[in-house]
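Right after this note come the structures.
Below are two complexes that have chain A in common, paired first with chain B and then with chain C.
Let's look at the complex of A and B:
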């Protein structure tokens, strides 16, 4: 149980993308129809017609095509069902394989404009002749390099402010560079970088995902760097667990920013001098928590910040509630109710909700920026990296 | 073969599109590469649409709405200006450059403004050359 392997599914000998071997794993060795998944599913809490157990049963009885389009895209792939499953049925991986299989037939364009933006951005970045300028957001006084041992993988962060006006996502990147500089690290921020391919892979667009993965692997190998740091839980799970399946041998050490901060603080290279007088609670991002089994590093960072009062919510770690949207593919009324519930839970504990994934931050901020279903107490959504940079002074 | 720019022109139903209609009725000429796409209001312009146009191989995108203060829905064109400004940053980061995107206003009676804008923008994009994303699209 201790090995951190991400969400995996044992595919056939070809290891390919075909959903049918996955289905065989589900039906022959997996699902015992106990329905634990359904009662833990955040979508089911709002939309009672959606049930992971039912989806598996339908797939078993009626072949893979029996999964309805609605069920296919309602799943958040947050992995809560797998976390409670007594036989560890890899439900998110099953959904992913189904999406891959059914995507050509469904001609999915985009469920919402934000999802469409991310999809098309990934497709543009998958094109070979691209001369990006990914450093415009880096302010004065922050040091980045062209070559070095540590890469800071920014992912789609430089592009997010083009759409999500209420978030200022570039602040996360600035904070990350500030922390690394304070510890004597001058990170590489490369213009050759592409989108990590997370949304493309989870939404079934394997072709785009593999192009992106290969393009990223090429420049990362060429750079000769030994470590790669990312502030995004999605990039982390992709680069650490999914890339090796596509690009082969991958000697790179992939770290989430929280892991790097924890390491630097323990080694005495980073000192939090300024107390941050805030009460915070922590949202486990699904890609960092359930998918990558990294629950402790962010909590260690929060505990290391002086002045900070850290209160846990009731549903944490593998039982953490999803932020409501997975891979930008399912933002709807159900999402809004999930977000209301989670934010109420957070607001009952603290005035600030800390996450370690820029996308959780976006989804929650989007909800607060729009019209909450019910009035919420004052609550701020903060990224862990931002908070740690504040403590530097 | 000479380079003939392909332009996606997002026009609002009430002004920009009517202006394009007026330009046609008045037999004004503008390059055939300008493809008009009608929206109810430029306020529904989204960064997604602009990026999608470039991904499909367009060399430039032009957004034509009502004059300020004349929006059929009060403030859609102001929202569009904000969106266009934001997506400009995205285009710069992608290496396409902001100058491939432009927003302007033309009232329903200004067919000549539409034709002049289209001509001028096509010339500008011609100087910039084909979009770096264009090669991949089968023409």
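Let's look at the complex of A and C:
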């Protein structure tokens, strides 16, 4: 049965029909070969040979191992296929299960880009005796605590600027703390925090993912915190929906920063006093939108900021187009064409593209920092939390 | 096609710059029908008319068969090709940029009835206008482009993801058909790559009669590359009437005859854009679906034990639907309620997915397009259907068109080989029970399932298809296998690894 989060699947009573774990996931809901998945797939639009429908039929006819490695890694696991599927076939979960199954036989893990740094980072963070300084980026004037009711889970953000220096991702963290401080919250930022394991899990490295999940669960439980807030859509989907499957009882309330801001504004605990005179449009991150079904909170935040003009793109919410990269396992020429199309769409609506995931921001910024396929109008990629912090004055 | 011939064709396609796939092609062995003729030797993906011409020239020169495939109409219309044939995937034609990448957002050209460009921003509600689109475009994409002007594709088959070329090949029907007819009636002009003994012919067909002759050609006549498709203004909420009618009964025959009689009166007294029905059962929407908690619509999703519940929704202009409340009042067992357009859309979302909606079940299509020409026989047909379906999962859904009631049903099977085979056997029993002239039932083959086109398809169409084939494809390169009245596909479910 699918759960509230459609992308993840727990097998039901018929799930045991096949011994192959990936095929079990695929057959939990039956494909009718309607091809809507393929038609909505951003990869297919660029590479016509890639087709989820085709892959599923091949798997039905020849077993999951009939799926080529190329098809296995071309998938962004963005979930657009599942969102349009009349029977909600969990294609991304199938890809994840198949990657997991094949991992021991592969020479390396995911074809991770950027020198495999995310892969390496996850493995380092899974070491039990890891010592980190995860607060060095915070700077003066911002209050954080060692213990408290609210954890700010930074995710990979402190490390990202070492690779993607042009993005200054630490600004997102500083903005989050600024907002929480303004509402009287002094969040816990813990040196014990590890990578959430998102990329490891989606790239099939379950062992590393589970180590990370257990390490995080241990310090989070020990902290006694009641709520955990993150500015990262990937961390959010993992901590909220995947961790309970691995770490057992998980009474913690997990919030995306957009949900916290919306709550604080509605409760009158946060006031946006300074107009932000910008025209913006919004990119639904796959992990926050299709994977976690949170479409409204970011929009409510944008609507609450004075002076801001918010214009929707044509493809939004469950039909939103992916930023082109999933779990850093695919970034190639096809990615660039996807990004060009999505950014053209954004630029036709506004001068600023707001996203609620630091990784979407990195991938789009990376594209703009390089050489676009075709000329694009001036467009800035902005994080939602940073924009909200600007409105505090 | 032997190995040497295959390599030669691949080389020619490479030289022509046409994308193709000659590798693992089991994924193209079937469409949603789970019927197969085997695996094609090659799949070609032309992106524009020039590549289609090159492909047809190649086929004529080397005496190869081409089987065009869109994403068809609805979920079951993708064509299948026998071994030795080239499957031609048409979904990129007219939908790509120069690099061959599909652009989901585009600015369509609007034309009038003479093919001259028109300005949609200045158009009035009575203007007869068309959108000029590539065969690989879909109504979903096109409607997104038209939305800012509040216009829409006039005839939208239930799957907005089907290609216009496929809609034309099957002469699909759907929302808008009661007002504008089947898809072919909404096409004003098309370009088709036909054959001759010497090579490809690029034909522009503008005669409405000829366009309608070609509609429903099932790929027998050529590769359609471009169409002018009728568009219509989106109705304003204040000029629209949406209504929901429901009835439940333990007696399927009584239920069907009552609703059939009502539909017959609606067909003669009302003008409407959409008339859709569905039968409600436990699995039609998930237990946690928000629609179950909806204050207005939620009640329609509970069914008394042992009862069948049918829900019928209509949408039309208020003036065309004025007679509907009085007609409904003449049927005291039928509950009538006017609903808002968003509520109508919510029910249509359920209706559209209803044939495919199953919890941990696969749908096994086979009974897609039963047309009951006389709605008064609806009760007899339903009684036979439900008797054959006893114990099976799934539910009939369909459309009410002015010329009849169209019923779709797909058995739902556990995703095991045995389960799928059992569902297929049910399809065959249903066909035997329902496809009978005395019930005025015919299989229109609108959703493709084209393998047995000349065995089960509408006999009234066979001669015309033969004439069209002779005129447009004298070289006999397009789907020659479909002309074989004895052709029967194998059910692919028996080959599943599951």
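Following the convention adopted for this analysis, the second predicted complex is superposed on the first by the 367 of 393 C-alpha atoms of A that agree within 3 Å, B and C clash if a C-alpha of one lies under 4 Å from a C-alpha of the other, contacts with A are read in each partner's own complex, and residues count from 1 in each chain.
In this text, contacts are C-beta pairs under 8 Å (C-beta built on N, C-alpha and C of every residue); 3 or more make two chains touch, one makes a residue touch a chain.
Nothing here was measured: the structure is a model prediction, and the numbers come from that model.
When both complexes are overlaid on chain A, the residue A:227 reaches neither chain B nor chain C.
By the touch criterion stated above, A:163 is placed in contact with chain B alone, chain C being left untouched.
Of the two partner chains placed by the overlay, only chain B lies in contact with A:131; chain C stays clear of it. Within the superposed three-chain model, A:61 lies in touch with chain C and out of touch with chain B [touch as defined at top]. Taking chain B and chain C in turn and counting the residues of chain A each one touches, the greater count comes from C.
Judged by the touch definition given at the top, the superposed model places A:317 against neither chain B nor chain C. When the two structures are aligned on the shared chain, A:293 is found in touch with neither chain B nor chain C. Contact with chain B, but none with chain C, is seen for A:120 once the two complexes are overlaid on the shared chain.
Look at A:36: by the touch rule set out above, it reaches chain C but stays clear of chain B. No residue of chain A contacts both chain B in one complex and chain C in the other. By the touch criterion given at the top, residues 1-2, 4, 12-15, 17-18, 23, 27-36, 38-40, 44-46, 48-49, 51, 53-63, 66, 68, 84, 86-87, 314-315, 321, 337, 341, 344-345 of chain A touch chain C in their complex. Of all the residues in chain C, the ones that touch chain A in their complex are 19, 21, 24, 26-32, 34, 45, 71, 74-76, 78, 89, 91-92, 99-105, 138, 144, 147, 159, 161, 286, 288, 352-353, 355-363, 365, 410, 412-416, 492, 495-498. For chain B in complex with chain A, the residues that touch the partner chain are 46-48, 51-52, 54-55, 82, 86-87, 89-90, 92-95, 132-133, 135-136.
Residues of chain A that touch chain B in their complex: 110, 113-114, 116-117, 120-121, 123-125, 127-134, 136, 158-159, 161-163, 165.
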